[in-house]
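Chain lettering (A, B, C, D and E) follows the sequence in which the chains are written, and residue indices restart at 1 in each chain.
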């Protein structure tokens, strides 16, 4: 399938490049602090509601659905965001990145999920734009991947309600990065299954499975590797919009990001070891087939020659007239066969 | 074909190293700002017209055709450019680069296109030299690759008319980098076709196609990889000729350049996985042919020996005189054949 | 076995991710300086005792057993540690790391052991948190891996009793890093055994052993590589909690960490050379089997043809009637066989 | 051939390590500026003439022949150069380097040439030592590789006569680096020839040619790679002996050095792709030979068995007495042969 | 053989980890400057003599033999050296390193020698500790590897007698690094011999030799690679103990260290190219054997079938009764054989 791309257009042009269409776009608004919260829908009949800032409250606009380019354009004007932010937010090919604009900071990353039916890794682009007391999140579809986080806020679990928008941004990144571990664990399980079937010389090794696993690991690596640099920038920011106490937490996510890349690389190396093992197994098995052929052919070829020799019609072959000629020849043949078997055995050819 | 090279000559010697010849060189002049524009031909009957600078207007000289060395020499004197700039602009082997000279900045990069007929990637060297309120672009041939950009200016689309020559330089780089995505998508499509035909064990896999795809990806990588450093320098310039607001945009192109390299590397890794798959497929298929040979030969060699044995002309072979000898032997042969087939089946050799 | 993970929970949530269960958690308390020491159990009937700081004494809480999440929660509150410290201390998947918090510094690393029975490398996560005059160590199980160090303190051996908590932290890291050498030596011994059996063309080469050794080396590398950066940070700290004289010692451990990685890489390269050798051995051996087949078949196929020729029943084959026809043919056959053997020998095919 | 080495001697010991012997050493002296020039031989009857510095004139001593250790020793004393300079100048194994001494700067690099007869890359070590208004160049033999440059000076072509010794040093480096492109183009042509003969499955592929090309590329890379760092240091020098305007030119050579390394790496990658292609070609061809064998053998083995069966001498084989037995059997054989051919064809085995 | 290790002991514990035992330890004392020298034995009857510092004289203690742990302990106390220095000096597994302590600087490196009998590279750990006007060197055994240097001092050759302890340290490092070139040249010679025997398709290629050479190169690389960083630190030291003029010389050794690593890497790459060549040679040779088999078998299998056909005992085979049947069949067989040979020749299968 041809990819959709935002190519050749004016910088800041908003073109959704994903495959979601038709579904209703929704914008969930949540306003909260330690004292309480308010949850609303900020998109009604195609009209965006901009809630006025309230003292000491964090405002979170959670946009689900990026395929309505006009609506996205409205968001740019309503929130006065740099146009490059929204261009990147609706570009699902956007590489994980962290950019500090004047009034807000932008984070783009990939949310990964392991599809156990198709044995593939699915990815969704998630973007976060946060500033002073507000945060806007962008997702392609209606899946409520932030449900856990919203419930923490509503139920006042953890530190998040006592902190700023920077901490909420951290919480989202942390949540997505945490999920990478599940995805990698699922892939690791597949690698271990493959390892078992190869080391047991099972014949059911799907020839494509090594290649598919490799592609999955490549996909994970490509989604996560750029995040390392992005989270690093985030964790070393000296922006006023980020509390220094939050930086300690972001450094923790940074650590996890490196760990994930380590794990992926380690899986890739194990897989490549498995591939070597598989290739040498296949070659060894061919070897064995070859050896059986060798032995059978090598034993019978001289015997058949002898039989052919005494099947010749020369008028004068004295051996043919000997009373025990046949038995003597049979004896000789058995001797030849046994000595060849002994020779091959002694060389450990079978 | 031997390459043309500018070798051993005085630094700053202008020698066009490409293959374009004969076609007419043209210089398109465009003068614009938010209020309006003027488009002229700056090259008439071999004479270059130098338009005097006008307040608040950007002057763009778009040179198409670099093969007239004398004309290029005139440009050096007319515009008082550092001679190394033009030497690099007419050298199509020039590596993508960014150099800040005293009165202007020089960018050289490759414009790529996918030739779907020959399945190859074609490249053209494009150079940009911009200073205060002026920009000069260099292309090898008459193709109007900047048409889209010129129309944006004429139709006052986007920010470009309200900005300086630095922004126009950015727009051109952005436009060319954007096109890399199309080229990579085309190559990716070919990789996917190859993947399908290999995984379906189709026999139509062109043995050269993996090699050709590899070369294409190498070519793309070689054209783009140096641009990363060049655009990085551009985006971190502290030159007075570049507006700090433009830097935000250039950082966006930088991001895309890294993404392109990521994509190319990822394609290269997938391709190398495909190559492993292909090699193991070929080896497995050979294995199967081998096994059929084994089975046929291994079964008939002992049977043929038995037949030869009873084709011998010994006067005294009692079995030959038995009334049912022939039938008994046939029975024994069938038994041998069946037990060998069972043995091979049980070892999953076929 | 599915891995336990602390995924999707609130940052600072304490979830032990290892496999130890059921055993009793213990906290060994040791208070010491040059003048003497006091050893107590700081956990009695599930109650943690916090000993008040004494002038010029170092306090060491050695926690063995991390699986009681509630108890761990109590430790956070008792010692007023940053919650991320304990989250990482009980996460056995934690990558080796060094983090400086406000009141203390955190080090996480892996203690390795070679299991000679299963020929695998076992790892345990060990964490250290130290501040002004106190240190807390975290281990998964009751094994007393710090016995040697505790005895040094009690018997006043070495510098440790005259130094601060930073030096004790160093001593622990040094001790664990020292043990890596034993583990690598054990793996090296296995590589050498493999080398011997391959170079002697022994047939007992376990096909899996190269793969298993590779995995062991990968595991070691993955456990140690991140420690390099962690110890580097430790050795260059400008924290008030670390004495500058201790830094000289930490730089020594840093040196050892690099040496360990060098050794592991060198083993990996030797192993990959061995793998190449093994593959070429297997292929050469197959070659030899092939050559025997060639020679036997190639010699007997023409001879059998001749025998078959004179086994034909044409009424008119003059040779058959010659008195010495049989002997002449035998002579010809011997000649053919000898010249073929000579040909093959001269080509060094056997 | 054993290499000559300057090993174990006192630092600054002058030992020529190349193979040139016997030929006459010559020192060409050239004194020039914009107004004129004087060319002399500075070595007459073994006596070096030191020309006194003249205002505004550049003095160039071009030493051709480094094998007279005594003469070289005299040069050290005559010019008062740091002894390490001459030690490195006469050591043909010297790695390309740039060193700033107190009174002058030293550059060592390799001049490469492609020997089209032997298809090898030949290298010569060239060294440059320049200071205020003087330059000394060192070459192993009498070849006048600087002829082009000397003629530029004599004919007052280009900037060189108007500039200092630093610019002449640049011109020499630029000239040598320019020649690398010719060498790489020659190697590229060979790679392309190889590519053609492999992709056309020609049998004339010299088995050694891939290896030889690889070695050539390795040699080029080894000669040039260290130059990158050397020219980089040169281009970023803040020495008083180098004019800031010259630095712009040196940065241009730096660019070319990187481009050369890029090209060499790209050739290496293409070559390694070709090697993969060649190996898979060889393996595929073996496959085809195998398949022909399979088909011929697999078809005739059962037929021969049948013929052998009816060549047996049992007294009671009823088929033998059937009037059309022979014809029926022939028919059965044709059927068997055809169905096997159909089976193999359908599996695309030939 | 199990390695000796200093594991788990108190930091600064002196444990010799090498294999030398029994031999007498000796300490050679040399005191020198431009005016003269004094050579003594500083170890008599197990007692170390500490010579009082004399104005303007350099004191050199050359310790040969590190296996007497008690003696080493005495040296620590006599010279008041940091205990980590001696711990590292007697640890033969110590990675090449450079550490600046308060009163002196420590350098550890490997002295390599090529054992031409066993074709292996032998290494010895050499350590240097120097301060103001004194230097202590540590070697494992009695070999006088510093003889050349001592004679330079005694005979007042070169700069060394006019310089400080830093220059003597440099001279020792320079001397050891110089020897690396001989070792690498010896290995290169072996690689060239291997190259010749492979490219001449000699059958005497020892299958293990590639592997052994690889291991040698790995060993050299592992011994030298860390020295690069160590000498780099040495050459950039701003310690008062090192004269700035000496730094110029140390930079020269640094250059040689890089060159050695370059050479080793280049040898490794050539060797890996040779390995590819060898593998493809072996595979090609197998191919040829295969082709001979193919041709012989493929030609005789159909002929044997025909012979078998006319060896059948059907009562009614008209051809058998034809007067020239035998001759006609022989003619047909020759025709078949010739056309098959023509077919194989035309496909260049032999």
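The rule is short, and it goes like this: contacts are C-beta pairs under 8 Å (C-beta built on N, C-alpha and C of every residue); 3 or more make two chains touch, one makes a residue touch a chain.
Note that the structure is a prediction, hence the values are computed from the model and not measured.
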{"item": "Any chain that touches chain E and chain A", "value": "C"}
{"item": "Co-neighbours of chain E and chain B - touch as defined", "value": "D"}
{"item": "Size of the rotation, in steps of 5 degrees, that lays the CA trace of chain C over chain E", "value": "70"}
{"item": "Length of the line joining the C-alpha centres of chain B and chain D, rounded to whole Å", "value": "26"}
{"item": "Centroid spacing, where centroids are CA-atom means, of chain C and chain D in whole angstrom", "value": "41"}
{"item": "Where chain A touches two or more other chains, by residue", "value": "283, 290, 293, 297, 301, 304, 308, 311-313, 317"}
{"item": "Traversal of the chain ring from chain A via chain B", "value": "A, B, D, E, C"}
{"item": "Of all residues in chain E, those that touch chain D in their complex", "value": "148, 152, 157-160, 171, 174-175, 178-179, 181-182, 185, 188-189, 199, 248-249, 251-252, 255, 258-259, 262, 266, 269-270, 273-274, 276-277, 280-281, 283-284, 287, 290-291, 293-294, 297-298, 301-302, 304-305, 308-309, 311-317, 348-349"}
{"item": "In the complex, chain C residues that touch chain A", "value": "2-3, 5-8, 10-12, 82, 84, 88, 93-95, 97, 99, 101, 203, 207-208, 210-211, 214-215, 218, 222, 225-226, 275, 278-279, 282-283, 285-286, 289-290, 292-293, 296-297, 300-301, 303-304, 307-308, 310-313, 317, 319-326, 329"}
